[in-house]
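One chain, chain A, links the two complexes that follow: it is found with chain B in the first and with chain C in the second.
The block that comes next holds the complex of A and B.
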């Protein structure tokens, strides 16, 4: 018969081993996915909010008429903060369009797209394209709508965007 | 059963110890899940709230911009509500379907104009935001968040004052300065029309005499076609008289007659030459014996006195009433005179101390003397000095008016060998440009922009449009 005190020590050793296994299992299948998910959502949220704020600001500045195209080209990248990254492939484009319902129908004009960051996402306006005007709503004659659209991508966060269902990038639109 | 020999038997049986991990995990998850829920739902709610607030801000701005699409406050309100609601819907189209914004409808947008001619579009409402994670627990519902937004702007009245004197037609082979001016001034008007940034725009054209081509009130949408049509009719007159003081007074007279004290009242002056002419009442100043070509008994004996320093010429008394955009009354004698080609020092004893608009020619008015002038010495220099003083006083009176203070922007064009460029000291002074040595902090600050050639005119007009819109926003 094993001395009782030795049996207790052996059981203690087994307990330690099983705690490690439990911790590993719980950590691997519960905590790590949770943390990764949180990080994914968080990073996506931050980038999306930055892009949304930049897009809204761009639209507001454009619609106010207080800044011309050249000034917007200079100011928006400066206002983009960390979105205006110098890392290769990280960046996007802001497209500013103006749609007017004239007595002869809809017309639209578009500024030269404003590049944010170092390359990255490109895209076309969904509202103002060559030969096609797609007004955001039925506008009364004489009304003008100003539209800001932003495409943004960061390859390092591509998996984040993909997990968030944003097709590897962010698209924001604001109508003024 | 009580364990009497803890040193011999283990304190806790093995099967009970293994259950503690499950208990701890459940307890831990009980803490962790709400934390994660808070992190995800909190962030999500914050983003949704941000998006709805941005959409509401955009809606009131668009509604505010649409106000001039209708004439009366009832139609304006209906228009603003439609436009604002459409804009709000467009900006919230990609929101989560669980967001309940039924409280934000067209009637949530209100339009109000106060006695100071400030128009405000405001909106209030609430939205119930869904919880993605914690919402799965039936007892927990999303927050109902209040929203509000408003956008105000002053009613804005603009008088465009455009110089189309002879040198504006210089060098037609390569395109005249007037051609460029007409294109850029048209863009200026269109810019306001597209943004509904101005309530009224009027037009004064001038050479030796001003002509009010578009009087105020001239509201949107009328001003877009009728002002641009008149701009397109402008032609260089062939005469080089530049009666800027009279043009400034005529433009300010329109703002004064419109009488909107709370509005932003703006004069945008374009000139490419030295102000060298003014309109005076010369009654009592005709020498005796009177010359045959002017009736000294006429009262008022109003006429134009002009100088052309480039050619060292001066003359008078020309007619002072322009009958059309391209009329050149200075080519006719004043009503009491038979000709305008005589040298005035041969029949005038002195120049009047003010022009017919009440602007001082010698600094005895509201502005101190700008240029030294001898009213009894009538030559090209003194006529120019008197005309510059008159312009200085006209601008000072317009800016300094207690009830209708005007904000003045000036564009001066250089690079024309057919003209002496605008006075680089007087132009910032009449605009009350903060960069001017004579800047007056008690009067509205404007700006003088010198365009060294026609290529810079477009940017000058665009810059002024931008500043007017900025001043109108509240």
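The block that comes next holds the complex of A and C.
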């Protein structure tokens, strides 16, 4: 059996430098992912706010009927601010649909999707699809709903979630 | 041998006494640097989100205000300052008007004509709280922009 004092000295020697190793492990696996996640979530949140604002404005303009499709194609990218990025893969689409409940059932028309940025997210309308109209709520006959949907993604900000394969970008919807 | 075995061991223990404290202090600098980076990043993101919210509130106020362009600009400026928790300064707030074809309307007789676009831009010079690696470096400029269409008819200037 090892004498108790010698054993204690061995234990001391093994513990030397342990704080450095612990800090390296904690820093690598906890602090840095925490920092990257914090920055990623925060910047995506700001981007989502911008996308929501753009989507609301697009829906408002579409429902007012004061602007035609050509004007919307020109104005919305210019009003998108920093969302209208030139970086490859950063961008999205704004989809504007009009759903009507006629006496023959629901019908919908859709403008050509308006591209924001340079590539990025694409998607189809969840309410106005070819051969299928899914109104966001029950509409009475004669009622019209104007729907704005925006898909947007900035892969440069998806440091954490894209790696896990869970990031589908931002989706916003507004009904007028 | 001057010291006995037991005394020698005692000396060895004595030289190691407090080593964990010293080691802990050495690790304190990178640890605090990480903590301050997290605080600074959070603070920067908070400011960015607050400014974004403020400019959106500013353009909403502009779009519904039936007044002269000068008064609309004053309203937007005060709205942005209030909604940004006084983070935005009047000199850093720019209110611009555009025609529907996105040409500047600032020189027009009525810049805030119904159907025109109003754009609000705010910049904020952000200096990190942590006193690390910031000597001689300029502050980071945070920018927030929002735009919408004007819906309220303006009154004559």
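As a working rule, the second predicted complex is superposed on the first by the 130 of 176 C-alpha atoms of A that agree within 3 Å, B and C clash if a C-alpha of one lies under 4 Å from a C-alpha of the other, contacts with A are read in each partner's own complex, and residues count from 1 in each chain.
The rule is short, and it goes like this: contacts are C-beta pairs under 8 Å (C-beta built on N, C-alpha and C of every residue); 3 or more make two chains touch, one makes a residue touch a chain.
The structure displayed is predicted, hence computed values, not measured ones.
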{"item": "Partner chain in contact with A:124 - chain B first, chain C second, else both or neither", "value": "neither"}
{"item": "Which of chain B and chain C A:111 touches, first, second, both or neither", "value": "neither"}
{"item": "Which of chain B and chain C A:175 touches, first, second, both or neither", "value": "first"}
{"item": "First, second, both or neither for A:20, with chain B first and chain C second", "value": "second"}
{"item": "First (chain B), second (chain C), both or neither touched by A:38", "value": "both"}
{"item": "Chain B versus chain C as contact partner of A:136, first or second or both or neither", "value": "first"}
{"item": "Chain B versus chain C as contact partner of A:60, first or second or both or neither", "value": "both"}
{"item": "Contacts of A:49 with chain B and chain C, given as first, second, both or neither", "value": "both"}
{"item": "Chain B and chain C contact sites that coincide on chain A, given as residue numbers", "value": "5, 19, 34, 38, 42, 45, 49, 60, 64, 66-67"}
{"item": "Residues of chain A that touch chain B when the two form their complex", "value": "4-5, 7-8, 11, 15, 18-19, 22, 26, 34, 38, 41-42, 45, 48-49, 52, 56, 59-60, 63-68, 98, 100, 136-140, 142-145, 173-176"}
{"item": "Residue ranges of chain B touching chain A (in the complex, touch as defined)", "value": "7-10, 14, 17-18, 21, 25, 32, 36, 39-40, 43, 47, 50-51, 54, 57-58, 61-62, 65-66, 69, 79, 82-83, 86-87, 89-91, 94, 191, 194-197, 221, 459, 462-463, 465-467, 469-470, 473"}
{"item": "Touching residues on chain A, where the partner in the complex is chain C", "value": "5, 9, 12, 16-17, 19-20, 23, 27, 31, 34-35, 38-39, 42-43, 45-46, 49-50, 53, 57, 60-61, 64, 66-67, 71, 74-75, 78-82"}
{"item": "Residues of chain C defined as touching chain A within the complex", "value": "9, 12-13, 16, 19-20, 23-24, 27, 30-31, 34, 37-38, 41-42, 45-46, 48-49, 52-53, 56, 59, 98, 100-102, 115, 117, 119, 143, 145-149, 151"}
